[in-house]
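Once you scroll down, you'll see the structures, which are given as structure tokens.
What follows is a pair of complexes built around chain A, which joins chain B in one and chain C in the other.
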Partner chain A sequence: MAEEKKVYTRTKGIIEGAVSGFCPGCMHSTIHKIIGEAAEELGQLDNLVRVEGVGCCGLGQFYVTCDETIAAHGRAGAVATGIKRSSPNSLVYTYQGDGDLAAIGLAETLSAANRGENFTVIFVNNGIYGMTGGQMAPTTLVGMKSTTTPGGRDPQEHGYPMHMSEIINQLTAPYYIERVSCDTPQNVIKARNAIKKAFKYQLEGKGYSIVEIVTSCPTNWGLDPLKSLDFLREKMFAEYPLGVFRDGGEKKQ
Partner chain B sequence: MARIEITTEACKSCSYCVISCPKKCIEIGEKVNSKGYLYATSVRPEDCIGCAMCAQICPESAIEVWR
Partner chain C sequence: MAERVFMKGTEAIAEAAVRAGCRFFAGYPITPQNEIPEYMARRLPEVGGSFVQGESEVASVNMLYGAASTGIRAMSSSSSCGISLYSEGVSYCASARIPMVYVNVQRGGPGIGAIQPAQQDYLQATKASGNGGFRMIVLAPDSVQECVDMVYEAYDLAERDQNPVLVLTDGVMGTMMEPVVLPPMKTDEELAACRAKFADRAIVGHPLGQQAYCRPGSVGDGQEKVNIEAAAMYETWDKDIRVEEYMMDDAEIVFAAYGISARISRAVIRQLRAEGIKAGMIRPITLSPFPYDSFRNLDFDRVKGIIDVEMSIPAQMRWDVDYAVQGRCPVHEVLRSGGQLLTNDQVLKGAKEFIKEVL
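Up next is the complex of A and B:
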């Protein structure tokens, strides 16, 4: 019999022995894991700089091994612009939730995308404000209950869900836009490849890349982790279809 | 012979690994870890094929796989 080989090792991108502060079933920790794996595969773990938004993603500061800073709420795009311009050889990414990127930081996000800044945005879209207690975010689905819309989101009063990838796809400068999820092992692998591709484009100096990851929030959706996966597949994927919106690298071939 | 090793202290009982295992050889056990979660355990380890699906989906990176 052949000798036993280790086929899956915990990435060095997260602190050894650390347990994340995220709720059971939360995919934030999955995303931290695959970012670490993607950077490790590219050999860029020592070169990685992370800019965090405010919210649940801020819990990642106790969990990752790379250099990082936390921007004011929503301003990660502006802070990452400064870091990337002053240290162009670093691999810079921002890690933002939907409240941070799509509501409070909409101006910074779209301005950075419009300038085609050479960094990567990891956008975690779970349709709700997580850490502050489940308020309505711009990405909340129509009819979805949150603490600020106890009767469900009413389009007449609160508007419709905001599709950030589609909005950024209207701009000329961004190089790579993809929407992925983490609900199955296959999708986790796809998400990791998308992040790896975005990092690779950044290292090649191609410009702005955004990977939107549609995830669940079992705690604030009020569902257990497995039921939240069903909700994610049925409702969230219907509103936010997965796929590549733009890939500058593919176009030229 | 494939096997998995679960860091029980990191397990939060989300059971994503249980539904992802194609051979159904992971289950949520009856013991709790120091955080109070019922943690996942490997049952029927002889069925494990080392596909690492459980490790891919595990949010806490609590599973490591040998094959």
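Up next is the complex of A and C:
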């Protein structure tokens, strides 16, 4: 009989048997998996602290095995600052949506980045307020319909989408900035490697790192999972090009 | 070792916190409490602590929430309009049962108000420091020594209850210099022992299967359970009520005042006594829990009236005084606000007008 070789194991970063609360086709589940894998490969699951933003991110709170605190909407950058400075050896990451990080939490986000706080931000950019039912986010595309821009986002009235990785790349202190996605197996691997790299840098004391993950929100985009992937690739990637903005403190773009 | 020194209120508050074991401070500049963050910026690095100038009070209080959730002793301070921005973080700490300690050095209000001293945040401090109807112990010092003692003790109370504690002082106390006895510096062993008590809950990373969660909210019936537990904890606070009853044995005229107003009232009471008027004072030291019984159990055959002295217009503590007195004697007010200080003469004059009516 041929010998069986184990080629894949579910990460211990996710509670055994737990079911995620995310909608079908939502990339949040994949992101949780790769965070768990990255931390596990670094032997850090015992040392991992998650600071959760408010939004669909919060649906992960009964899904992960690490220590976890829930920040007030937008304040994850401040809460993580307090945690990391009080427990410098913990591996600390925030998990935030675009409304959380780029609207209500803009000051906390940029200020933590500007201080070069030694934690990692995982920023899930789906171009919309998912949790509250599809209102406009700072990242909503021009022309894109949301419940508060029923005629589509109009730059005259609502301004233009905000590019957080590019904005943070204007600051001097951040050490690592990369924008990834999870739409294909290759991109999932890239995203996992980016998260692992960010974690590694943090463990080495290098300072602030952010991995922006451009994702879909089938439910609030009003598209089925496959059509949302098309929209993601055609429209979202055009506005939010994937790539490394900074690595090792050096600007790449 | 206890040590006697001459210190400004704000700096004494900061040093007391460090001696109590505070190793993290976040705050945003605002008069009249700037010396607290400035002192911490110099002092904390000497003891291996961390100081952050937050980008706002909102950020600072949320940094405090994060720091305190790791089990470390942490502090923040602000003044009035800055304290309004703390309500988010204080409410989160109350819900998640995080022992945070913070200080309000009150100034005039409402709005940006005035930078001079006032006592205009009483109701906010004692009744609703954030959404959700939580409560917390509020300590009101009337000397630099009490500022020191209360900040030092606040950590024990906060950790005992796993709940926020507020030290409510004002710009007079903050800028005043007085001799104080500083408490001993807590040793690393003592602090490690405090931290060890909460090691299971500390958000620092745990082995699989022993995860720590800090949840400022719950789904299903979880939040009601949290609220019922918190309410049961508040019920245990009768033992924590602190009040000073000054010259009350035979008092016919009773001053009701806290903090700086109590200091002024004390001087006026001595003047009145010298003139043969039997005056005394009930000074709430814990504003929450409030010493209702001290007022409730007054001998109303003897007491002819109460003079509520506050640096607030309209009066605020009077709500609690009235609640206990229930109209059994007249209550008179002597008030200033908006950064205008009460003077001995004004209190004396107001008291005498009232006394003429009731005695």
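By our rule, the second predicted complex is superposed on the first by the 246 of 253 C-alpha atoms of A that agree within 3 Å, B and C clash if a C-alpha of one lies under 4 Å from a C-alpha of the other, contacts with A are read in each partner's own complex, and residues count from 1 in each chain.
Going forward, a residue touches a chain if its C-beta (ideal position, glycine included) is under 8 Å from a C-beta of that chain, and two chains touch if they have at least 3 such contacts.
Quantities reported herein were computed from a predicted structural model and do not represent experimental measurements.
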First, second, both or neither for A:Pro185, with chain B first and chain C second: first
Which of chain B and chain C A:Ser20 touches, first, second, both or neither: first
Touched partner set for A:Gln156, first chain B, second chain C, both or neither: neither
Touched partner set for A:Thr172, first chain B, second chain C, both or neither: neither
Touched partner set for A:Tyr8, first chain B, second chain C, both or neither: first
Residues on chain A lying within both footprints (that of chain B and that of chain C): none
Residues of chain B that touch chain A when the two form their complex: 1, 3, 9-10, 12-16, 19-20, 35, 37, 50, 52-61, 63-67
Sites on chain C touched by chain A in the complex: 23-24, 26, 50, 52, 54-56, 58-60, 62-70, 72, 74, 88-89, 92, 96, 202-209, 211-217
In the complex with chain C, residue positions of chain A that touch it: 12, 44-49, 51, 61, 65-72, 75, 77-83, 85-87, 90-91, 107-108, 111, 115
Chain A to chain B touching residues, read off their complex: 1, 4-11, 14, 19-20, 22-30, 33, 182, 184-185, 188-189, 225-226, 229
